[in-house]
């Protein structure tokens, strides 16, 4: 052995021996030391925000120095820069409380994704061909400005449309200002699984147009109606933290959790009791429970007040909803209904959650109101262990006045005849910010054709997806880790939260923060737009907005605004336990609601199955299908990776002669798709379930052309009151078409398979 | 250095808290530079997940339940994987972990066969990170080449880091100071890590629970992962 | 047998060495092609990564180790048998011993290659060798693989010596018969053997000691191979029966291999006069006994598993007897018992053809047995969530076929260089160790 | 070719007579050379070679091999101590296996060595030999016969029925 090597080894091993110290004589060496045994590198943890879903978890980003290949003004070179290595929850943050969900953990790959757009692009090929050429930022912005000025000249500002994913906080403030001063209609926010119905219901019942926060940690009894609160629904991390406490957090006390849903979801799998009520009968069941409670006088205090009065026949004790009455309609026996009602009343504070599929049918609103009434009857509204509403600090804007639902998108895109008198000129220019309606709306909406008809489309997203591939101009945004981010969570915390974070790392590519670009454009346009947006940068705008917080009682004490600002950034945001929700003002309405049974919309005899979409716990609504980590992580229940599948009840499959892994065709009135069958003992015999997430036509090398998109065959239906996509109202038939290929990580369904053979 | 009891790292998994969300799985990939093998390889069973959440259905519709059980290297005291390795690639560290020295591994795959928990993973090809995904790699963890066996290390790099800090500050390690990536991100706190030899530690306390079991205990592998069985709700227990 | 004079014997047995027909080259070319293909496939595997095999989690061993155990098993015919027969002084052994011992030497070398072939990083195989290296680390002597290293090498060295010593006088014979380059070569090989009484005496006593030493070694080798499995807590592996079970199986397949080899030699080298029905008959009886022994072991193994009813083991039992592996399992039973038993038990059927048919069945059956011991257990290890399956790829199949071709090739080449039947021993056999009348 | 006189005999009996005759005319045992193409264990002219210590050598070699194995397995730790977290490194159970194998190897190799040495193999130098031996003839002769007795020797050889007698050197 070379003397030099020997010295090297003994040096390393010396250190190791020191580490291994206790009980081990120093002569004991580990040869060929694994690098884990070496000194760890130096890292700094920078506060940031997870922007992958509206929950707005506060994060810490582990940043370490490294060499990166970067292109700076045209030339490629190696650059020493801070690199994000790991993302963890920010322990101080009221929403994440130091934790993260799988999606948040994978956010790292958004920044370092090989198919990120590396600079501004101009379309060269035909629309949607994905053929672009790189151009300079200056040219790109000039082009956008020119287009906007052209519209101004033609007095057609109203024909500018801004399509984005849901906006909150300062980001939305700036965009809305830009649009209003420019003269364009407000931005259209689009997401597949939006919560408009729930907001509307809470507005009607409690006067709060807001997604609720559930105080699970202090509840003694929890009953969920389709609300996948441990998966992707609402504020999953905060809810999971609370779930841990409600299960084992309080010595000697363990909350019972009942889940009502036709397909055993990841959330349902954790329930103490699982009740596969008929799809759509959740509202009836809730009222059945209310009936028993009122009949047996199990409730304390006044009977639900306003929330109840919205329900038809409430005052008369819901006579129509006796257990015997509703048993056949819900598929739940009268005994069970009665027992549940008694348990609920006996274990207050008890809370009922509703979300997801039950709200995504044309009659969804009534179901939400029924559950609201039940909560009110249980006296758990805005009470510990019940339904709470996160106080909204000044920086958070009230919910947008504009509708934010598919119909309006359709209208704006000039597809359907306008529903109201407001005359909407056809869209002359469309600005896209991450929203992906081509993927998120059924083929029946003919979005692609609409996009083809729009003269000018500019996209800000940092990936080419099914929609932005239609853009003429691409002005790629930074990744969330590279840019200023802010969020004011609508739910998840019991007190007001404003998260603001500085860039954790320097930009890797030739990208620009979307809002900086917007400000730049505003200044170039001049006039009222420029006046309304005086700030040079988004950072500046945030800093100004944050001033409003300093006056309020909160988590930060500072003598001047700079100190306040620095403390705020160091902490990753501002939050206050002392801000109370504003007094609730429910709107007056004479309307009375009665939930109907299972969705019968467009029911045809040859479509015997209710088609249930489930948000993938990993790929969410499909917007995360481009991250390889999430693609390869097994789905919690099916354990499938990198693929789509169709879930069929065991008995049903036997009846149809379908075996695990067979390729099946799912056909609705509006289209058909194929995917391998997955036999699932935890799904109702008359329900076919499919995960949302795969089936992108164009979304990076990892997601493009993979699996099938169940949304594509949905009936073009909406919830009338809000216009949200009614994604749970489609019925389908299935037929076996041959051999399929499932990629499952888990082999057996059962822990003792031989007992089931 | 004054003599103190040997560390005995252990993990407690509370199955009544675990929601099966898979956050631990992704966190583990991020922390330990675990390669993604792609659709084709994953389909034939070569996906690498140092920690996996096993899902088992119970009963038939409508009385069906599903339960989750996170499984990762059990860091056995009497580990079947260790003695069978001809090159000491899998060895027992002084703190009771089942170490895996990648540089020593020649790929007999014997350890993986001997492991009753199937928690060892093999690099069938050289791992690939399409640029610039390689920038996300954690420099504290070595990247494994083709033909090498790998597995959960209890995030030994984090343990070492904490121990170094403690030594630098001339103090004892605090309970809960060390958190493997999986435990760190676990929202319902189903995963708790600590020193079993420290009677004051949370793991030591939880390990005494009447719900405590160990996986495949009957094989005599003496795992250092303690599972707290899921509870069932009985009326009146709370009032 | 019509009395042959010693010189006729010499002539017959040396003919293959002195006369070479085009057939020889044809056969060598044919077999060589497979061997080359196998090496090419292996090169591809080393270059690309062992992922080109079909192995996957949790089935990390499959064809590779199956072939390893199979070939080591085949190697148990030769040396072991001939050693036993030597000690028992069974005179009918004389024409048989050498072609048996050759099998051992070659099968063992082939089998011993697999632990290296199957490594994830074969270029580091030398780390198994115990020497104070710059890595400052010795092999782990607690690992059954380290035991393999010692056991196989001991058996290999022993067998080669055991095979070579009795060849020396025959090489001297060839030396004296040959001219030209052959004479020079064999002069060297013969080591200057003259056949003095002292040389003969020492040779005999050396062979005697070897015979005594090699038998326990042979037994230990396959016992240790079986411990590669028995030491691991895997359902149906972790069993005390494995040692004798494997040894019996090894001898079983070994004899079958020997019978096939002898039949081929008899046909192609025209040794009808020397390898006679009586030899096949005797070996046939031996094979019959081993077949019964094998059934006994399989029954004992299955019975204890079934009666003990350990859940993990029952899964494997059913997987083999009813489940996905059932076709292979029952084929094995047919090949190892239902075919050979009647053929070998009925004297009229125990002909040369009969024994060969039985042997072919046994070779197939025993290969399946090795496969069925390894794969079903690995694919059904305890936690059902992590069960898996296995499909071989063309790479594994090519490498495997290469080993069979390689065995045959080595055999052909050997019979070209060495009298495949020990001439002097045969002569001695003729007039009962030359006793004075 | 060394200086020698030898006769070639077709049968072991005549070879035996030849040897007896040579002894009869006072030729020293160690000067008589015999070579045959097969062993004749039951004849006096071979019997005197049968006593050997080879088995004991083999046993000794075995013990040596075992000792080496013991050293190898149990001294490794002391030479290169290794962290094994208190796990045993060289337990007797497993060492026994290796000791056993190397014991056997030792025995085999020593008896091989013993054979080669005691049988004086390999020899490349000249020695009394005749290719006729490979035709089944038995060679009986005298190495370096004293000039005085050459005649007597050849008579003794031919008289005992040698096919033919040759002088070499």
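Per-chain residue numbering starts at 1, and chain names A, B, C and D are given in the order in which the chains are listed.
We take it that a contact is a pair of C-beta atoms (placed from the backbone, for glycine too) under 8 Å apart; a residue touches a chain by one contact, two chains touch by 3 or more.
Everything numeric in this text was worked out from a predicted model, so none of it was measured.
Engineer: Across all chain pairs, which one has the most C-beta contacts?
Structural biologist: Here the largest contact count links A-B.
Engineer: Please identify the chain lying most centrally, where each chain is represented by the average of its Cα atoms.
Structural biologist: When every chain is reduced to its C-alpha mean, the one closest to the whole-protein mean is B.
Engineer: With chain centres defined as C-alpha means, what is the inter-centre distance between chain C and chain D in Å?
Structural biologist: Inter-chain centre distance comes to 31 Å.
Engineer: Chain B to chain D: how many Å between their CA centres?
Structural biologist: The answer is 65 Å.
Engineer: How many Å are there between the centre of chain A and the centre of chain B, using C-alpha atoms for each centre?
Structural biologist: Whole-Å distance between the two chain centres: 29.
Engineer: From the C-alpha centre of chain A to that of chain D, how far is it in Å?
Structural biologist: The answer is 90 Å.
Engineer: By residue number and range, which residues of chain C touch two or more other chains?
Structural biologist: Touching at least two other chains: 135-137, 142, 146, 384-386, 388.
Engineer: For chain A, which residues are shared contacts with two or more other chains?
Structural biologist: Answer for chain A, listing residues that touch two or more other chains: 20, 24, 28-32, 639, 746, 748, 750-751.
Engineer: Among the residues of chain D, pick out those that touch two or more other chains and give their numbers.
Structural biologist: Correct list: 80, 82-83.
Engineer: Note which residues of chain D are touching chain C in the complex, please.
Structural biologist: 12-13, 33-43, 45-46, 48-50, 52, 54-55, 58, 62, 69, 72-73, 76, 79-80, 82, 88-91, 94-95, 97-98, 100-102, 104-105, 107-109, 111-112, 114-115, 118-125, 127-129, 131, 133-136
Engineer: Which of the residues in chain C end up touching chain A in this complex?
Structural biologist: 134-137, 311, 314-315, 318, 384-388
Engineer: Quick check on the complex: what are the chain C residues that touch chain D?
Structural biologist: 6-7, 10, 130, 132, 136-138, 141-142, 146-147, 150-151, 153-154, 157-158, 161, 165, 168-169, 172-173, 175-177, 191-206, 209-210, 213-214, 216-217, 220, 224, 424, 427-428, 433-436
Engineer: Given the complex with chain C, which residues does chain B contribute to the contact?
Structural biologist: Listed in rising order, the residues of chain B that touch chain C are 41, 44-46, 52, 54-56, 71, 80, 83-88, 104-110, 112-114, 116-118, 121-126, 145-149, 215-216, 219, 221.
Engineer: With touch defined as at the start, can you tell me which chain B residues reach chain A in the complex?
Structural biologist: It is residues 1, 3-4, 6-7, 14, 16-17, 19-23, 25-27, 29-31, 36-39, 42-43, 47, 49, 52-62, 64-68, 93-95, 99-104, 130-142, 153, 156-158, 160-161, 163-164, 181, 184-190, 228, 231-233, 235, 237-239 of chain B that touch chain A.
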